[in-house]
Structures are given as structure tokens and as C-alpha cells.
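Have a look at these structures, which come just after this line.
One chain, chain A, appears in both complexes that follow, with chain B as partner in the first and chain C in the second.
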Partner chain A sequence: MPDLLALLVQQSVNGVYLGCLYVMVALGLTLIYGVLNQINFAHADFVTVGAFTAFFTATRFATKVLGLPDAGAYLLSMFTALGAGALLGLAVNAAVFAPLRDRGDELRPLIATIGVSVLLENAQLALFGPIPYQFDSPFTRETIRLGRIFFSGQSVLVVGVSAAVIAALYAFMRFTFLGKALRAVAQDRETAGLMGINPSLLIGLTIVIASALAGMAGALLGPVLVLSPFAGASLIVKAFAIVIIGGFGNMQGTIIAGILVGIIEAFTVQYLGSGLIDLVVFVLLLVMLVVRPTGLIAERKEENV
Partner chain B sequence: MNERVKARTALGTAIVLVLLAPWVLDQPYWRGILVVCAMNVLLALSLNLVLGYTGQLNLGQSAFFGIGAYVSTLLIKSYGWNFWLAALVAVGAAGLLGLALAAFAVRLRGHYLAIASLGFAVITYQVLVNWENVTQGVRGIYGIMPPVASTTALFYLVAGIAVLVYVLIGNLVRSPIGETLRAIREDEVSAASLGINAALWKAFAFGIGAAIAGLAGCFYPGFVGTLVPDAFNIVESFTMLAMVIVGGMGTMIGPVIGAIVLTFLPELLRGFGELRLMIYGLALTLVVLFMPGGMVQAWMALRARIR
Partner chain C sequence: MKLALKAAIFAIACAMFGAQAQERVIRIGVVMPISGPGSYFGVMGREGIDLALEQVKQPINGYRLQVQAEDSACSPLQATNAVKRVLDQFKPHIVIGDECSDASLAIAPILEQAKVVQLNAGSVTMKLTESGYKYVFRIFPNAEQQSLPLAKVAYERLKARTAVILYEKTNAGNDNADGFEKPFVAMGGKVLAKIDFGRDVNDFTAIATRIASLGKVDVLPTFALEGQTVRLSQALAQARVVKGGGGNAVQMGSIWLPYGYDQKAGQASQGYVRIVQFDPTENRKIVQDFIKAFHAKYGADKMPTHINAHAYDAILLVAEAVRRGATDSDSIRDRFTKMKDVEVTTGRISFDPKGQNSDLSVVHFVETQNDLSWKGLSWR
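Here is the complex of A and B:
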């Protein structure tokens, strides 16, 4: 394989790996927006809480207390992170989204969750300090070689887990009664309520699922991210970029846009330098907002645009 | 007492308080906090014009603060400009950038505008970090002199400007222009059907708001002595948002009170270490949930109950 082609394929592989991580973060945002038409600004801070939970599970609890091997400890940490995310989801729903839901103001929940985000970041700062943590996944050390293309074990794990999560979400939405009810609530909350569906319960469920995904994404992102209390602040803006590029509330669009942004990022690092990643992604976001605010896949006409 | 006398009395009281403040809080540290407080009042006033009176959730205000700081400092340090001339150009530059953001704001509403303005702030921050030839990037610019020698004089200067801006914005929002902006806030479609050019007036609010934030930015580098991009991170936008919301958006005095409270409260809580920074987030969330009109509304409710 010629050098250039190998390089292009290698960077695309890296991009897809990164993109899958972004999809895991952005899916929750888009899920909540699809059902509730609201933004959880603290979503990316749930990711960092998940990452810290996973870090302490993997390095302290699972290895020191339970005596698990490294790989097992890391896999277990994905589930504790998931649990931490779910708990945060329950809390933010009870404290912010449920009380503000029927007041019909789209900006108040957003502003309230900005407060939650600032609160979580500074709480983490007080607990863990400003110095970034080194979170190593045992799977990063394993490399698989295919011709001249290298995959890390971690990237295979991430792509696999993301694919499984997406498939499970899709199956849940399509084939289960709850999924059908959720889609009904997303389409028309009042009518769904009249059909004997409890919208509050389903909206709460959506927020918990979305937040659990964010927590688990933290465990997967931890080894990639510079794990510090403020990591969420830069992540949330990128997640917004992905959700807007994909079309707010549109799951397929979010998946495509997430992987696209991952690939763009990989090539930006290769050709322009890593300092320019955010610049490139956000210029793309602003261009997208001007040219096609409904996102790559326009589902319905947005009245916000 | 008629309105005019009331307004004059309030203005007089404010001026007396400003004059007395550095002599009540006479340690150098607290005089420094007073300067920060005056800058925060300016920033809160600037955001309130856009958010409180025009109803546009702009999360990009930190960008204009940064542009004011960098443009004025670079003109002074690299080209040897006089402070006031540099400040004038910096304010103009921030205002123009505000108009650039307005180009998005006239097309987007609600969540989309919030995210676009946030993206705008991140891009500005990234330019400050990456354009090292000009901004020195994260290494920063050092040895910046304030326009006046003493902290007390700097406080009087910035606080004087804040009072002036307060009076000017106060007159603006009482004028027909203010009514136009409020009409856009309440219902843009209805406003348009009354012949209001919403795009034009939104751009006006963004431009003026950005220029005022840029003006605050001119005083920041001289006060701190150094200039790094991190001072204009998007978190700064959230701090301003907290001040406006906690005080009471869409009122004149609310954001001023919010800025004063949220400048001094964290200082008084120094004993709690890093935990004290949680106060911004906590205050923001609690106010949105339990008293959406902020401290001004809470005060009115309290006074009504006493009577």
C-alpha cells in the first residue's frame, strides 16, 4: 500500500474511533432534545463525573478491594460510570426539568442547567484538584496490526461498545412498547398523555438513559480526554456542534455527524496541527447554522430557525 | 416624590457610595476587589441589554470582553498608542464583532442562538490561543500598565464609567428604542407585524452590548498586569449570566446588584477553599428555579408582604 493511502486509511480509522466516542456523548443530548425539546447543558459534566467514577473504580476499588485484573477492572468501571450518570440524570430531572417543564419557557431550563454545569465543575475541582489525571485503559497497550494499519485494543472496544449501544437504542425505540410510547411523547405530549401514557415517567426515563450513556461515555473517553474537572466545558461545545450538524433531535444525523467530526478532527491533527481542532469544528458549526440550520438530515421544519 | 427627583436621589446615592467605597474597604486587597466589582457591573450591564431587554440568550459575551482587552493592550504595547485612543479603537472593534455575531442572531432563536454564540466565544478564544505571532498565545503578555497609577484612582475611573453607562442605558431603555427592544423580547412576530425591523434592532443591541463589554475589557489587563487567553474562557460568559439572572434580568438595578453580590460573596467565602466557586452555579440554578425575577423580584415581593 502506498504511504499516502496508508496514512489516509490510518487517520480515518483514528477518526472513526474518536467519532464513536463523540457519538456516545452527543446521542444523549439529542435524545433529550428529541423528546423534551430541551438542552441539558450539564451533559458533558456527567461525562467527566463518569470518567472520574470509572477512574476510581478501575484504579482503587476494583483492583485493590476486589482484586480484579486490569482488564476486568476497566470493564467493571464502565458500569459504575453508567450508574453514576444515571443517578445524575435522575437528580437533574427531579430538580430542573420536571419542575420547569410545563412553564413553556425554553431558555429557563437551559440557564438552570448551565448553573448545574458550573456547580458540578467546581465541585469536582474541590474534590479532585486542578491537575489532570492520567487514566490508562489496559486495552490501549494492545495493538492489532492489519497490513500497515494499526488498531489499538481500546479503539476496537470503543467502536464495539458504541455499535452495541446504538443497536440496543434502536431496537428499544423500534420494537419495545416503551420505545413506541417514547416516540409518541416526542411527537405530541398531550395526545400521548390522553392515550394512557405517562409523559412525566417517560421523559424521566429518557433523561436517565441519556445521562447513563454520558456516564459510560466518560469511562470510554477517560483515557483519551485530559481528565480534569473542566474537561466537560470544552466537550459540551463540541457535542453541541455535532448535534447541530446532525440536526437537533435526529439520532441518525447525530451518529453521522459524530463520526464525521471525529474524522475531520483526525485529519486536522495530521495536516493543520492539534491546536486548531476546535477552531475547525466550530467554524464548521457556524457555517452549518447559516447554510443549513436543520442539520444534515432534515426531519421536520424547526420553528426555532 | 416624583420619578425625576427619585432618579436624581438614586444617582446621588450611587455616586456617594462609589466615592466612599475605597475608604470603607481601605486595604489594598479589597480596593482591588472593588475594581473587579466595577468591571463586573459594566459586564453585567452589557449582557443585560441583550439578554434582559432584547431577550436574546447570548453566551458569547466573554469574547467581546477579550477583544477589548487584547486590542487595547496590543495597540498600546506594540504601537505605543495612548490608552484612551487605544480604548476607543478597542471598543469599536468589540462593537463590530458584536455586529458579526448579530448576523447569526438575526437568523437564529432560542437554543440555536445560545449555541451559536457559545461557538462564537470558543472561536474567539481559540484565535487568541493560536494566533501566537500577535497575541503571544498561552504564554501571555506581561508588564501591562494601568491607565492611572493607583488602585483607588482606577476604581474611581471604572466605577465612574459604570455609572455613566448605567445612566445612558437607563435612558435608552426608557426611550422608544427600549420599547422596541422589549417588543422584540416579548414577541418577535408581533413586533414585526407592527413594522419593527427586528433584525436591525437586534443587531443594534448586540453591537452596543459588545462595545460595553469591550470597554470593560480595556481596563482588565492594566489592572491584572498580565493578559492570557484563559481570562476570556467561555466560563466568563456564565459568570456574567449568573450576575444578570441572580440580580434580576430586564431591570436596570438587578444586574448591578447581581454583579456586586457575586463579586463579594465568593471573597467572603474564602475560608471554604475551592468549594466557594460552586456559589455561581448554585445561585444560578436556585434563582432560575425559585425566583425567576432574581433578587429585585424577591425584594419587591418581600416589601409587598410587609405592607
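Here is the complex of A and C:
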């Protein structure tokens, strides 16, 4: 393979991998916005909780208590992170978001997400300390080489899990009763209520699903991130940019935007310099806001999520 | 009446004595990050400070050391607020901090205006001691003191002729990168690329791919925090750029990296050459005593890092200044100015007229071996 072609393919592979990581984080954000019209500033901290859950499951519980091999321990940790995310979402919704929503105020739940974010960061700081943890999945150090193209086992796992999650989420939304009910709530909460759907229950379910996704994203990102209580903060701004570029609340748009941003980042590193990544991504964001404010995929509101 | 007068005089005398006794304290403000990505600096720094305070808890010349710490979050804005709070509430004679260069630069003019000594134990930016501040002192080697030997070793010992410089986009990263580039190019080396990145970058695969596409690279001087350096080393190994991944390039680093990086990076760190100031394997008594005391306080399995050691040394230096008669900020400054050859765990301290420690006698190079241990190199 000629040098230039190999380089282009390699950076595209790098970009798709990075994009899938972004998509995993951004999906939960867009799901919540699509149904609740609410931005969740605590989302990145749910990702961090997932990463820590996966870390302690993989390195302590699964290997030392259950005696699982490293690969099995890591795979198990993905599910515990998913569960931890879901439980956290359930608890935060019941204790904070739902009571505030019931008061009919839109601003307070938004501010509450900032409060939850600060609370989670500091709780994790108190529990785990500020010194970064080294979380390596057994797949991180496995390098697969196809000719001159290389990728880590972890990147294959990330792309595979992302694809599976996207497919499962799509099937859930399109073909299950709950998914259809969620879309109905997103379309018109009041009318959905009149049709016998319980909007509060479905909003709670949305938060639980989004939080579970964040937890799983944390398990996938843990071996990539510098794992500390503030790890998620490095992702959230990029995730918001992706959600806006994709079209707020639009899942297909978010997926395309995430992968696009990943690829743009990889080629920015190659040809412009890594110091310009944020500049390029946010110029793209501004262009989108000016030229196509509805995002990459403009849909009617009712077709979102 | 006489009795009442006596009682009043006694009460006033007691109050005066009490006030005098209260004043016989050297107040040390500490401004370090204990939140945010650089918070491990503050935690390790605090460990070193607490250990040193335990060892100097007896009054020195009648003065005891009292510490109040504030969080800077490694951010210039937060550091500025933190130092103003310390100055306002605690009225320190000296402030130890910050670790991060950007934050250190932000607090320097405030302390200068307040005529309070700033003792820096962890920032590298040249501007800190090159801006003409009279109250700034630094025991940490500056960017030039770290990068110049790296450039010399790269060119003369490793016979490197091409380099790619990797650095975080901060004052510290910029100064270190420039500090390497200028002498390396002047000696005849060629810098193929200078690659900077923000502290929010997590995945370095694209950067490693770019480096692999640049042709033959001999050395990769790297100036970043530990977490990012670990990920960077792993990505470079995966791309077969560095020795740890079967490539030919040698990754080089500065004192930034705490002890333990090699274990975290694993095989990818093999062949990593770096400059160190605090070396736990060093035989000097003060180093071994410090390690022993550190183990006793924090556990036998926890090895102190250079961050622990620098913070510990900062307190020892303040104690030494008090031992030499310092009683306030100006006299601490005066004693620091005259300090020569004071032995601490990170070497010997002799401040130059700009307040920079000029003694680099213990600074040396180590190379990470295949078993991830350090091999001390005789290069200076």
C-alpha cells in the first residue's frame, strides 16, 4: 500500500475509533434532550462513575473475588458500569430531577444538573482521591496489524460495542412499545398522557437509559482516559458540540456528527497540528449554527429520538 | 483598690505575653491544586509538607511553623483568588506554590506587591524568575535547566540528529519545548515537528500515527503530565515509534514525571530516558531518612515522588531560614538570598540573584530497563 494511502486509511481508522468514543458519550445527552428538552450537565460525571465502577469491578472484584481472567473481568465490568449508571440515573431522577420537574419550572432542573455534576465530582474526589488511576483493559495493549494498518484490541471493542448499542437503541425506539411511547412523549407530552402513557415514568426511563449508556461509555473510555474524578470533564464540551452539530435531540445526527468529528480530529492532527483540534471543531460548530442551525440531519421534532 | 490595680496590671501583662507568644509563629501559606487534573500535585505536596512539619514541630529559635493551604486547581484565576484569600485571612510570611506554571505566574505579582516571599517547588516556566520579582525563589529546576541537558544528551550521547517535540499547551510545556529546540538545533540537530496538545486530549493514536509518518525520528522529548505521558508512550509503542514498541526512537522526559510512571506505562516505557532530581535509589542519608519517614507515615508500599520531596524540602528551607534568624517575610527573603549549599532531599540549594536554585549537582539521567526499573546514567 502506498505511503499516503496507508496514512489516510490509518488516520481514518483512528478517527472512526475516536468518533465512536464520542458517540457513546453524546448519545445519552441527545436522548435526554430529545425527550425532556433538557441539557444534562452532569452527564460527563455519570461517565466517570461508570469508568470507576468498571475499574474496581475489573481490577478488584472480578479478578480477585470471582477469579475471572482479565478479559472476562473487563467484559463483566462493562455490565456493572451499565448497571451503576442506570441505578445512579434512577436515584438522581427520583431525588432531584423529578421533584423539580413536577414544579413545572424549566430552569431549576437545568441548574440542578450543574449541582449534581459538582456533587458527583466532589463525592468521587473524596472516595477515590485526585491521583489518576491506571486502568488498562486487557485489550488496550493488544495491537492488531493488517499490513501497515494497526489498531488496538480496545478500539475494535469500542467500535463493536458502539455499533451494538446503536443498533439496540434503534430497535428499542422503533419496534418496542416503550420505545414508541418514548417517541410519543418526545413529540407531545400532554397528548401522550391523554393516550394512557405515563410521561413521568417514561421521562424517568429516558434518564435511566441515558445514564446506563453513560456508565457503559465510562467502561469503554476508562482505559483511554486519564482516570480521575474529573476525567469526564475533558469530554463534555466535545460531546455538546457533537450533539449540536448532529442536531439537538437527533440520534442519527449525533452518530454521524460524532464519527465526523473523530475523523476531522485525526486529520487535523496529521495536517494542521493537534493544537488546532478545538479550533477546527468549534469553527465547524459555528458554521453549522449559522448555516444549518437544525444540525446535520434536520428532522421534524417528532421524529427525533 | 490596690488589689484591683494589681489584678489589672497582671491581666494586661498576661494579655501582652499571650499576644507575643501568639506572634511567635512563621505563617506559611500553601497554594496548590487539590482539585482538577493537576490535583495529584497538591495531594502529594501536602503529604510532603505534613511529614516535614512533623519533623520540625519543636519551635525553632522560639518560632513554630504554621501552615494554611488553599486550592488553586492549577488555574491562574483560582490561584489568584486562593492567594488573595490566604493573604487576607492568614497574613502569611511566605507562600509555597504553585505547582503549575500558569498559576505560579498569576500569583507572583500579587505576592510581590504584598512583599511576601513566594517559594516555588514545582513550576518550570522561565518567566517566574526572569521577570525581576524580588520575592520569588524556586528550588525546582527551570525549563532551561531541564531542557538544555536533555538536548545535549540527545545530541552528544544518544547521537540523535532528528527530534519530534511533544508538549502540553501551557507556559511550562512551551518553555520546555523551546528550551530543547534552540540548543538542539544550534548543535546541528533537526526538529521535524513540534506537536502541542491540550490537557483535555485523551487519545494519542492520531499523534502517534503522524509521528510514524515523519520518517526517521531519533528522539521524542516529551513535556506533559504523567497521565497523558503514559497514554502517549502507549500510543507511540503501538505505532512502533519508540523502543518500547519495537521502534528506534528514544522518548525523553523531564523531572515532571513522578516516580511510578514506568509501571503505569508498562512495556511502552522501556528505553525511556529522563532527567531526575529526586532519585529514591540515591544513597545520600537525607534521601534515605526521608524515604524511611515517608514509609512510616504513609505505608511501606508507597514510594515518595519528586513532588512529595520538593514540598518536604520547601518546609525544610523555611525552617532553615528561621534557624538562621528569619522572623518575617523580609528576613526570610534575606536568608534565602544568602543560602548556599543547603542540603535537602532534592539536592543542594544555592539561590542565584534571580531567586533560582543554581545547584544541579544531583540532577542526573536514568533509563527505564526492560523490567521497568531505573538504570542510573552518569550523564550530567
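Quick notes
The definition used in the following text is that the second predicted complex is superposed on the first by the 283 of 305 C-alpha atoms of A that agree within 3 Å, B and C clash if a C-alpha of one lies under 4 Å from a C-alpha of the other, contacts with A are read in each partner's own complex, and residues count from 1 in each chain.
Following the convention adopted for this analysis, a residue touches a chain if its C-beta (ideal position, glycine included) is under 8 Å from a C-beta of that chain, and two chains touch if they have at least 3 such contacts.
Just so we're clear, the structure is a prediction, and the values are computed from it rather than from any experiment.
With both complexes brought onto chain A, simultaneous placement of chain B and chain C is prevented by a clash. Of the two partner chains placed by the overlay, only chain B lies in contact with A:115; chain C stays clear of it. Look at A:27: by the touch rule set out above, it reaches neither chain B nor chain C.
Contact with both chain B and chain C is seen for A:125 once the two complexes are overlaid on the shared chain.
Of the two partner chains placed by the overlay, only chain B lies in contact with A:241; chain C stays clear of it.
Legend: residue contacts after superposition of the two complexes on their common chain; A:278 is shown touching both chain B and chain C.
Residue contacts after overlaying the shared chain place A:16 against neither chain B nor chain C. Within the three-chain overlay, chain B meets chain C in a clash at only one of the listed stretches 200-208, 218-226 or 236-244, and that stretch is 218-226.
Shared contact residues of chain A, touching chain B in one structure and chain C in the other: 125, 230, 233-234, 237, 275, 278. Residues 3, 7, 10-11, 14-15, 17-18, 21, 125, 129-132, 134, 136, 140-141, 143, 150, 152, 155, 221, 224-226, 228, 230, 233-235, 237-238, 265-266, 269-270, 273-275, 277-278 of chain A are the ones touching chain C in the complex.
For chain B in complex with chain A, the residues that touch the partner chain are 57, 104, 107-112, 114-116, 118-120, 122-123, 126-127, 129-130, 233-235, 238, 241-242, 245, 273-275, 277-278, 280-286, 288-289, 292. Here chain A touches chain B in the complex through residues 39, 95-96, 99-100, 106-108, 110-123, 125-126, 230, 233-234, 237, 240-241, 244, 248, 275-276, 278-279, 282-283, 285-286, 289-290, 293, 304-305, going by the rule given at the top. Across the complex, chain A is touched by residues 34-37, 39-40, 42-44, 169, 195-203, 205-207, 209-210, 213, 225-228, 230-231, 234, 238-240, 264, 266-267 of chain C.
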